[in-house]
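Below are structures written as structure tokens.
Below, subunit A partners subunit B and then partners subunit C, in two separate complexes.
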Partner chain A sequence: MTFAERMLKIDRRIIFAVIGLCTLLPLLYPVGLAIRISPEVKAVHDYIESLPEGSVFLLSLDFDPASKPELYPQAVALLRHAFKHNLRVIGMTLWLPGTGMANEVITRIAEEQGKVNGKDYVFLGWSPGGSSVIINMGQDLYKAFPTDYGNQPTKGLAVLNGVQNLRDVSYVVSLAAGTTGIETWYVFGKDKYKFELGGGCTGVIAPGLYPLLRSGQINGLIGGLRGAAEYEVLIGQKGRAVAGMDAQSVTHFAIIVLVILCNVFYLSIRKARQAQGQGGHS
Partner chain B sequence: MSFELLLGAWVATGLTLFIFTFLYEDNPLFKLAEHLYVGISVGYAIVKTYDTVVIRLIYEPMVKQGDWSLLIPLAIGMLMLARYVPKATWMSRIAFAFIVGVGSGLAIPRVVSSFILKQVEDTVRPLASMVQGNPTFSFSLADPASNLNAIILLVGVVSVLFYFFFSIEHKGPVQVAARTGILFLMIAFGAAFGYTVMARMSLLIGRLTDLIEYAGPSYGRPSLWLAAVTVVGLVLWSMKRRPQTEPTEE
Partner chain C sequence: MIFFRRQLPLLITLVTGIVFAAQYYVPHPASEEMLTTVTKWLQIIGGFALVLGVTSLFHIHAVKIRRKEPGWGYSFVLYAAMLGTIAVGLWREGKETVNGGMTAFGWIYNFMMVPLQGTMFAILAFFIASAAYRSFRARSREAAVLLIAAIIVMMGRVPLGEYLVPISGDITQWILNVLNASVRRAILIGVSLGAVALSLKIIFGVERAYLGGGKE
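Showing the complex of A and B:
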């Protein structure tokens, strides 16, 4: 067996260990590689920055704990930015398994920024129906969510003063791990009720959302942990996403090296077999 | 630190490590964590659905606020349960017909408008621009609205459509167009795969970040203690399994 053949039959657990080390070491000993801000992330940041104080910002946390490493840092960064900018924040989720986590992140960041529940922010929780919830909110927010997550009646809350439906919301951002998510918010929300829409998503679904970005159907897109890191840099409050970028870069480099090595080994084996075949014929 | 936080840190660390043991081999620790995940997810969903739908959206508005009009959607919903009664199964079709009818009616016009018309509108962009009465052409690849990108987009869309056009044989100019389409498809798949790798690595980074945090003394170092327990558990399981597998290998 040649070296290349042995390498291609290497125990997969060695590869796992290499990737594990490439991820762990930069987390333990960060280098602080530079993070370039992409226009699509900056667009979300700039739009929030352009909103007057007291504007209504709706953050829909449409993900479950399985996508927490990518979307939770995005939620933290967006909430910090919105609260610092004194926007009125409405939180909700269209994903049932993410309800508790969504409530935790909104409550935690609100407390950190000294905001009061019912006055500066409200978490509406989850309601069944997905797209129907958005349509219902577009007609009457209080019918879609008669009570908030803490079972307090939503009618009369100071944070919802002057808000009757989605037309009264200045900016909606959906942090989505799939459907129901950004596309649903566009199709059943923005297209009909004419509010501005931005998105944050996992890396897996990001390529499928770029056509919406290009066509202007969404005004910005925060993609994966990388997008969260860019947002943390933009608001000047580095967190878990920035801390993970070194590990991400090193791991990607390791994967690129492994892909190249595998191709080199594969091509060398093929060349050797072709040479053997020609030798056999002669 | 509160007891809930400590308990949460120990449970999260243990279950993360148990799930990671699958990278070594399928084993009882992994299965325990997997079954717990499925069970807790389903239990959580049932409780939250009951609390939100049955209590908050049906019971309280009807009983406390006297909104008895909710009986109509409740009755339609209850018809679904008729599927469990063989003689009354036909009644569930009324509920399904309602859902399919309303769902289609709501979705079809909106989806056609959002995903077909809007995207077609964005694809058909001017291939050259007029600035102060003079035709100009922008070459910037970085600008999504540049004329060069408009041409690339048009070529991409047309060639990929040719690739999926099976009514005529792919020969001559059609073959060239179809092969160009394959090239665009490969680039799209590559971009999607790259993003997927990034996403998966992000999940690993998320879990490792938590494990590093929970290795701290304020949590009682659950990462270190439970890593040791997991390794010992795996070793014992491997040793126990060996006598059973050795004779079959012979």
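Showing the complex of A and C:
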């Protein structure tokens, strides 16, 4: 067995160790490289910035704990921005396993910003049905959610003053880890009830949402941890996402180096076999 | 009985399919009220689907335990975890916090479910790296193009890549906004046309697989 063949059959635990170190070391010794802001993230930020104080902002946290590392920092950054801008915040989720986490992040950031439940924000919780919930909210928000997550009746809450359905919401952002998520909010929500829609998603599904972005079906997109880091930079409050970018940088480069090495070994083996084949025929 | 098993469901599908396709274009209050009512029904049915899912899960794993199939111990763990969580959840009325304090249900959620799901997702990074090393090879010209595009996008999406090769960020944006978006759009249009065709086939009774394969 040649060196290249041996290297191609390397024990995968060595690769695991390399990735582990590439994640751990930058977290322990951060460098803090500059993060460039992409237009799609800036669009979400600028739209929130353009809303008058007291506008209604609906944040749908459509993800479960599996996507917490990427989407939780996005939620934190968006909520901080919305509360600082004195928007009325409605929180909800279309993913049952994410309910507790969504409640925790909204409550925590609201307390941090000195906001009052029922007056400045409300967390509606989860309701079964996925797309049906969106249609139902579009028709009558109080029929879709008669009570909030803490079982207080939604009718009469100061935060929902003047809000009857989704047509009265100024901006909706869905932070999604898949379906039900941004596409569902567009198809069953924005298309019919005509509110502005933005999105945040995991890095792996972001490329699939670019057609919606390019056609204006969503006005902006926060993609993965990178998107969250950009948003943290935009609001001037660096957090976990910015801290994680060094680790993501080094890990990406480790994978690039691994892929290049694998191809060098693969091509050298192929070339040697071709040479052997030619030698055999001559 | 063929009427109840075949013809009636087909008739209901035909009528509701046409009515709700038309409803989208009729903004009259009566039409909107009908949509509100029916989506409320759908929400209730969605709740029942949850019960069905849990029942099915219980049944599958009960069979595994009874037959002592390979890995039946994991089914036992699933049973214990699920019953334990349901019991604690009912005891604490589904609340994770009471007066600012964490309940047992909240403890299970925050210190078991959240880290376990996070761990499952995090180990993907290790497997992706290993799989990329073993299988991401330039076996053909098309694979080489894909490989180069992937490397550029991976560089352009992290600060280190943009620092070392400043143009990688712009090329990445172009790949995502032009190449990727156009291909994705073509796929979406194809899928959407397929969905429309399938919906029409279901509405008009051409596609009947949803009725099940019972006796006529």
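The working rule: the second predicted complex is superposed on the first by the 282 of 282 C-alpha atoms of A that agree within 3 Å, B and C clash if a C-alpha of one lies under 4 Å from a C-alpha of the other, contacts with A are read in each partner's own complex, and residues count from 1 in each chain.
Throughout what follows, a residue touches a chain if its C-beta (ideal position, glycine included) is under 8 Å from a C-beta of that chain, and two chains touch if they have at least 3 such contacts.
Just so you know, these numbers come straight off a predicted model, no measurement behind them.
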item: Contacts of A:Ile255 with subunit B and subunit C, given as first, second, both or neither; value: both
item: Subunit B versus subunit C as contact partner of A:Leu27, first or second or both or neither; value: first
item: Which superposed partner A:Gly130 touches (first subunit B, second subunit C, both, neither); value: second
item: Subunit B versus subunit C as contact partner of A:Gln74, first or second or both or neither; value: neither
item: Partner chain(s) touched by A:Ala243 [first = subunit B, second = subunit C, both, neither]; value: first
item: First, second, both or neither for A:Pro207, with subunit B first and subunit C second; value: both
item: First, second, both or neither for A:Ser174, with subunit B first and subunit C second; value: neither
item: Larger contact residue set on subunit A - subunit B or subunit C; value: C
item: Touched partner set for A:Asn103, first subunit B, second subunit C, both or neither; value: second
item: Contacts of A:Asn219 with subunit B and subunit C, given as first, second, both or neither; value: neither
item: Shared subunit A surface residues [contacts with subunit B and with subunit C]; value: 16, 19-20, 23, 68-69, 96-97, 100, 127-128, 132, 135, 192, 203, 206-208, 211, 214-215, 224, 226, 248, 251-252, 255
item: Parts of subunit C lying in touch with subunit A, wherever the complex brings them together; value: 24, 32, 35-36, 39-40, 42-47, 49-50, 96, 106, 109-110, 113-118, 120-122, 125-126, 128-130, 132-134, 136-138, 147, 150-151, 154-155, 157-163, 169, 173, 176-177, 180-181, 184-185, 188
item: Subunit B contact footprint on subunit A (complex, rising order); value: 13, 16, 19-20, 23-24, 27-28, 68-70, 72, 96-97, 99-100, 125-128, 131-132, 135, 146-147, 151, 183, 186-188, 191-192, 202-204, 206-208, 211, 214-217, 223-226, 240, 243-244, 247-248, 251-252, 255
item: Contact set on subunit A toward subunit C in their complex; value: 8, 10, 12, 15-16, 18-20, 23, 33-36, 38-39, 64-69, 96-97, 100-101, 103-104, 127-130, 132-133, 135-136, 139-140, 143-144, 192, 203, 206-208, 210-211, 213-215, 224, 226, 245-246, 248-256, 258-263, 266-267
item: Subunit B to subunit A touching residues, read off their complex; value: 23-24, 41, 44-45, 48-49, 52-53, 56-57, 61, 106-107, 110-111, 113-115, 118-119, 121-122, 144, 188, 191-192, 195-199, 201-209, 212
